[in-house]
Amino acid sequence: MTQIAMPIVVTLLAVVFAVAMQRIGPQTGATWPQRAPFLGGGQPETHAWQRFHVRYYPMTLLFIAFEMEMMFMYPWAVVYVETGLTALAEMGMFLGILSVGILYGWREGVFRWQ
Amino acid sequence: MTDALFLALSALAIWSGWRVFRVDSMVRASFQLMVSFIAVGLIAVLLAAPYIGIATIFMMAVEMMVMALFMVMFMMNPAGLNPMVMVHQHRFSVAAGSLAFAGLSAAVLLSDLPVRPVPEGAEVVRDLGHELLGPSMLIFETAGVTLLATMIGAVVLSAHSGRYGASDAGSRPPGLTPGGAPAGRKPEGGGGHHHHHHGGH
Amino acid sequence: MTLVSVLIVAAALIGIGLYGALSQQSFVMLMMGLELMLNGAILAVIGFWAFSLGGAPEGQLLAIIVMAVMAVEMAVGFALVVAVYRKRQADMTESLKTMRH
Amino acid sequence: MTLLSALARRAEIPVFAVIGTRGLGLAESLRRRPGLRLVDSPRHARVLLVAGAVDGAQKQALERLHAQLPAPRGTVWWQAEPLFARGEVVTGDDPMPAIRAAASADDPDQRPDVPPHPWQGIGPHGHGGRGMMGGNPYGRPMAMTADDIRDGLALDAYSARFGPFLPMLPPGLALDLTLQGDVIVSADVASAPFEQGPQGDAPDLCAARMLRLMGIGPIAARARGALLALPQGSGMRRRLAAWLRGEQVSETPDPLPAALPGLEWAEAVLWLASFPPSRLRAACMERHAA
Amino acid sequence: MIVATLALLLALPPLIWAAAMFDRIGTGRGAIVMGPIRNGAALMLRPNTETEAPDRLNRLLAPGWYLALALVGLSVVPLAPGIVATDLSTGLVLWGACEALTVVVVFLHGWSPNAPLPLIGAYRYVAIGLPAMLLSMFVLIGAALPAESLSVVEVVEAQRGLWNVVRQPLGLPLFMALGLAITLRGPFDYADGAELAGGTSAEESGPALALWQFARASMLVAFSAMAAAAFLGGHLGPVLPGPVWLLLKTLAVMAATVAAGRFFARMPPARMLTFLWVVLLPLSFVSLALVGVEVLE
């Protein structure tokens, strides 16, 4: 309880502060030309919100699989000194296995813009 | 105080979980789900699991970010500019959901749950580390291999450009007889037709 | 905050998740339902671990495994969505059924 | 409030510079002037500065830009013929007094207050849309799917006119682009860059423009790290290196409609900035003539 | 706990001011001390702009969330022995969660105005922000190894003999790459860069813009304090009291981060993505392996 009290309190403080500061300024209604997205004088044909082509999508999939290893690494770090060489070897193996995935992804070009 | 916080967080988790299926914008839906996960993570910290709780927040922030990317990529009208409902078998689903909730709650209320709380001052992260490197070592390494398989599978399925060019270009199964027409389903379009014609004679 | 209250919250999350998983037409929204169910599962596991297992480390490990399952489900699920969309220009669950030939 | 106003009175004036014919050198000369700050977006600006003559054909674009400055806003025409009757006109070399005057002006709107498409009251919720994708929700249609040139995922294509006063593009260049994600799928030149004279091709000025897009200054660029950051094989490294040595570059780019598709936004912007304005203008004019 | 929180809230505005001053040095426009304050005041008096059909709620909240994440991240840093706002046994993981949520918040900031340039900025930022975060996790785990704990308090205490920056020389530079990414500056500023005319903040004006800059500066402060605690011994040091040491180290990291942001050029995002995964991530593995071997000896 005491551990997460302060994060919650400062989060609430920050959000309330930010919202209040945005409310104190002049609040004017904007005209349609003013609200148009900035394109240096040009105009868009459609809304910007679209089925956005995320050019790096294979990377994100590789990333969520790879990132899972973090869950195992934090507890590992805590007991590392007590366990010694075993811990080093096991984590070396674990990271080695996952690095193969990164190497494979690199050779398949997933870090390029598709 | 803890109880009040627990109630507030539970309400937040359930409310935002419900909103996931009620908002029009896919970005909002993904991040509503993230809020639900954050609330559950904070409840876990209240339950003396500081590692699992915070790590849930950490992992789910990332996963829901990726979720939002894919939601926007593949959903029609991703920002919900036109309000929409894309559901099927709605009544059945509502019934199934309520039934699951009622059944599980009844099971919880009726069964006699053992009481063995976490001892005060237990070093839960250290225990988990010893568990990972000791008895459950195999699980840990298996997870590594599973994740590797996932990575490779995801890349194979999703990536289009490989080392040898586009993945669907020029790939054709070998013929059943040497030099014969490719086996399997004929690809659509002119090329397939040509081969079909050739093989027919 | 008792085990019963934690488990009821978990049951509610699982119920909503089940509703979502069954009712949504789109594949990615269906995955949201699955994730919400797993969210409830994590909460239930942690609740049991905290109140009934006396802090046995296997409980925490189970929660981690659930999360790993989620990650795998997401990675493979989205890869499938991409593959299907590339072939069919659709991401509906119905269109997955017609993938079989 | 009074404290804020007292502090704000001596703040730098945020200026959005619209660069016209032979205006590039003028605008660059303001960059290190105390008392004002050149900003990249009209939303951040208080004053719209038109440096150098702007073609009457761009009047509407300029008016749209003018509208995008939050009110109150002011306009300064510096060595430029006013295209609409607002703001201060400066013919000399020092626009500062006029900018200060414009910073307390309050120009009315130039453009009529109408949405891009009529929409109000249409559709089941009055939001202008119909069905899942149809109609003009909130005044604009939604993007539609189109074929992609790279990976075969046919997602939505975003078509818009970029420019002629977009700060990262050469001044005056207006492009009709179609984007998928941040990759350019098709490009067409709507108007060529403005004439900048020999001053616009000065190596230090060109290098500074390019380095600004990469987020560094000329001092950091001497460490050659800037060259490594550029993609290989496009000639950008060669041209930037020449500019950093103080040499003129006289390469002419390929016609833009052929060269831009397939480039990512960042690459395309850097590629355009890696040519001297006069050569880029020549490449665009040739096509218009043909 | 409450003392530490109040101290942090009091120390933050001057530190943000200092960050803004660092940003002004070398721009040649003078008014280094008062300039940021005056410009900020002028922005507060300008109106917010509307855009066409924006996501109003997220647009309103994004700067607040960013600021909140900076504050939560800052709250795990101990100011002196026994004085810390959030005494969490997994403080490093909480910091990691703040990093991850920063990516989400910047994405929302770019998504919410419904305009093309912010949208491109948001998407590019996610591509770079995610792997950059991975990097920082590895070097922070390297800092946790000798402490045998995930608590930032313990990480600082474990540096009484030897600072982590000596033990793990690659750690601080790699961590600074993350610092540049989450504070949107220099080579990692794919969200708000000049080639997008301000990117995710291209459509913001007035107080919304001022607050975004404010939150960005507070994230710089939070990052610098965290770097000082994880690698430079935090509040440890001779003669001077602990909080003063922490302050000095934080200012030093802040200055170094701002300078690094000015020095390195921004690559096109696809190049940077490959660079992160193929060069920097293996480097962080090496850094972790080295500290692992060193700790066991």
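Brief remarks on what is shown
Note that the chains are named A, B, C, D and E in the order they appear, and that numbering of residues resets to 1 at the start of each chain.
Keep this in mind: a contact is a pair of C-beta atoms (placed from the backbone, for glycine too) under 8 Å apart; a residue touches a chain by one contact, two chains touch by 3 or more.
Predicted model only: the values in this text are computed from it and were never measured.
Of all chains in the assembly, those touching chain A and also chain D are B, C, E.
The chains that touch chain D as well as chain E are A, B. Measuring from the average of all protein CA coordinates, the nearest chain centre is that of A. Taking the CA centroid of chain C as reference, the farthest chain centroid is that of D. In terms of C-beta pairs in contact, B-C outnumbers the other of B-C and A-C. Between the CA-based centres of chain A and chain B the separation comes to 16 Å, rounded to the whole angstrom. Spacing of chain B relative to chain D, judged by their CA centroids, is 41 angstrom. In whole angstrom, the spacing between the mean C-alpha positions of chain C and chain D is 46. Centroid to centroid, with C-alpha atoms defining each point, chain A and chain E lie 14 Å apart. Residue positions of chain E touching 2 or more other chains: 44-49, 52-53, 88-90, 93-94, 96, 111, 114, 116, 123, 126, 130, 150, 197, 202-203, 206, 269-270. Counting partner chains per residue, chain B has residues 2, 45-46, 50-51, 55, 58-59, 62-63, 66, 69-70, 73-76, 79, 81, 125, 128, 130, 132, 143, 147, 150-151, 154-155, 158, 160-161, 168 touching two or more of them. With touch defined as above, residues shared between interfaces to two or more other chains in chain C number as follows: 64, 67-68, 71-72, 74-75, 78-79, 82, 85-86.
All chain pairs in contact, by the document's touch criterion: A-B, A-C, A-D, A-E, B-C, B-D, B-E, C-D, D-E.
Within the complex formed with chain E, the residues of chain B that make contact are 25, 27-28, 31, 34, 45, 50-51, 54-55, 57-58, 61-62, 64-66, 68-69, 79, 81, 125. Chain B contributes residues 2-3, 6, 10, 13-14, 17-18, 20-21, 26, 29-30, 33, 36-37, 40, 43-44, 46-49, 51-53, 55-56, 59, 63, 66-67, 70-71, 74-75, 86-90, 92-94, 96-98, 100-101, 104-105, 108-109, 113-119, 122, 124, 127-128, 130-132, 136, 139, 143, 146-147, 150-151, 153-158, 160, 168, 185 to its touches with chain C in the complex. Every residue of chain B that touches chain A in the complex is listed here, in rising order: 1-2, 5, 42, 45-46, 50-51, 55, 58-59, 62-63, 66, 69-70, 72-76, 78-79, 81, 125-126, 128-130, 132-133, 137, 140-141, 143-145, 147-148, 150-152, 154-155, 158-163. Chain A contributes residues 2-7, 9-11, 13-19, 21-22, 24-30, 32, 34-40, 44, 47-49, 52, 54-56, 59-60, 63, 66-67, 70, 73-74, 77-82, 84-85, 88, 91-92, 95, 99, 102, 105-106, 111-113 to its touches with chain E in the complex. Here chain D touches chain C in the complex through residues 145, 152-154, going by the rule given at the top.
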